[in-house]
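Quick one: the structure is below, questions incoming.
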Amino acid sequence: MPVPILKQGDTLIATIVAALTDRELVEFRDQLAERIGAVRARGVVIDVTALDVLDSFATRTLRTIAQIAKLRGASAVIVGIQPTIALAMVQLGLTLDDVHTALDLETGLELLRRPR
Amino acid sequence: MPVPILKQGDTLIATIVAALTDRELVEFRDQLAERIGAVRARGVVIDVTALDVLDSFATRTLRTIAQIAKLRGASAVIVGIQPTIALAMVQLGLTLDDVHTALDLETGLELLRRPR
Amino acid sequence: MSGIRVVVIERELDIVTARQAGRELAAENGFSPTDQTLIATAISEVARNIVVYAQQGEIVVSRVDERGRIGIQVIARDRGPGIENLELALRDGYSTKQSLGLGLPGARRLMDDFGIESELGHGTVVTMKKWVR
Amino acid sequence: MSGIRVVVIERELDIVTARQAGRELAAENGFSPTDQTLIATAISEVARNIVVYAQQGEIVVSRVDERGRIGIQVIARDRGPGIENLELALRDGYSTKQSLGLGLPGARRLMDDFGIESELGHGTVVTMKKWVR
């Protein structure tokens, strides 16, 4: 299932609506990189609230997406990591140290509105 | 092929127009450092849209250029990193964390106009 | 409340199917939502290893009852190339594909019991358990 | 649609020629623009290593067909000084020239298969493949 990417002002909002296969996640990565250019986005919020699991592959891909966004001139924020998933990530050894995170869409958008 | 460096107000705009050899990139680095002084530039935009590949040598040189500019009193912004090149950079392990990036020339110039 | 599910793993989509089967069985057997997620994540890691390193194999999740202790067992089995050095493979950050190398050591941390057997040229079997708290 | 290209590497300009040859062959064989860039970048890294460490050598890019799987193979070959410790050379950040040390491990991440053989005083051969998706 493709990930819908909406535009709101100069921000892209991508909402992952269901468990994704690795390939779908990689396609999402490439589409987002294109869309940043097409709409001249300055910020990207990726909402992972609906993801059932964030394993090492998914986490690595999210980090890659955030780094690509930066190279394309946009700040990325990952929002909606659920409590049990956060615990699983920490136990796996995954931390997203270098990636902006926020509780939910609202706080993610707020974070992007601050002067960068 | 030498990289043309144009002056617009107190900003230098350098547009890389084709794949560069390592030597050409290094010559560009040194010319830019000189030009910043000659025109008393406060900002530098380096447009890499036309580059076919940004490998570890090119990325390191771009980072060096940004750092030299800073030491010469000018902010540097790298613009025009294409989606597939951004992905290749991230997979190589290159991130330009410490360097300003923007989507294209226009947003790069905008970034420089903000109060520094 | 059947006690066993077998998921054939040969495509990426099967990774999702396997972890969802594990989550469901865990839910049916009284695991907390937190533990359900930990189990599903561990399954995701070993299932992906089957797809990436062995191309095909299977995941078997089952309810276990050891002297009154209720738990879930996950067996990930393949006839792939096997693992040359198990000690290295269980180390954080070790990967022959330049990926994160957290799959096996991470799955081990997520579960209560963890065992792995592998023979070069013959395949790999990972056996993991988690107990209801 | 010829299946093989050989680029002699002895000057910096040859690095650009080699990566462009790789990109073209990849395009002709159905690789996506993304994969074309990943392949060109990997070639750029191993070609630069030839110029920097061995002064001269060659890059051979060819189409491969393994049991119906179509791909591209890149061989980077030189008769330079060789690499003393391959394990170290494949580690992120390791460089004997104080450069970034991401060339070999990075090329490995960019491609699907990666192998390297080297003998001190005799030279180095890097063999990499990527498969059409």
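A, B, C and D label the chains in the order they appear, each numbered from 1.
Note that contacts are C-beta pairs under 8 Å (C-beta built on N, C-alpha and C of every residue); 3 or more make two chains touch, one makes a residue touch a chain.
Everything numeric here is computed off the predicted structure, so don't read it as measured data.
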{"item": "Smallest number of contact steps required from chain B to reach chain C", "value": "2"}
{"item": "Rotation, 0 to 180 degrees and nearest 5, that superposes chain C on copy chain D via CA atoms", "value": "75"}
{"item": "Longest centre-to-centre distance from chain B, chain (CA-based)", "value": "C"}
{"item": "CA centroid of chain C to CA centroid of chain D, Å", "value": "35"}
{"item": "Inter-chain centre distance, chain B versus chain D - centres from mean C-alpha coordinates, in Å", "value": "26"}
{"item": "Distance between the centres, which are taken as Cα means, of chain D and chain A, whole angstrom", "value": "32"}
{"item": "Per-residue multi-chain contacts in chain B, two or more chains", "value": "83-84, 87, 91"}
{"item": "For chain D, residues contacting two or more additional chains", "value": "34, 105, 109"}
{"item": "Interchain pairs in contact, sorted by label", "value": "A-B, A-C, B-D, C-D"}
{"item": "In the complex, chain B residues that touch chain A", "value": "79, 81, 83-84, 86-87, 89-91, 95-97, 101-104, 107-108"}
{"item": "Residues of chain A touching chain C in the complex", "value": "19-23, 52-57, 59-60, 82-85, 87-88, 91-94"}
{"item": "Residues of chain C touching chain D in the complex", "value": "98"}
{"item": "Chain C partner contacts - residues on chain D that touch it in the complex", "value": "105, 108-109"}
{"item": "Chain C to chain A touching residues, read off their complex", "value": "12-13, 15-16, 19-20, 23, 33-34, 36-38, 40-41, 44-45, 48, 92, 99-100, 102-103, 105-107, 109-110"}
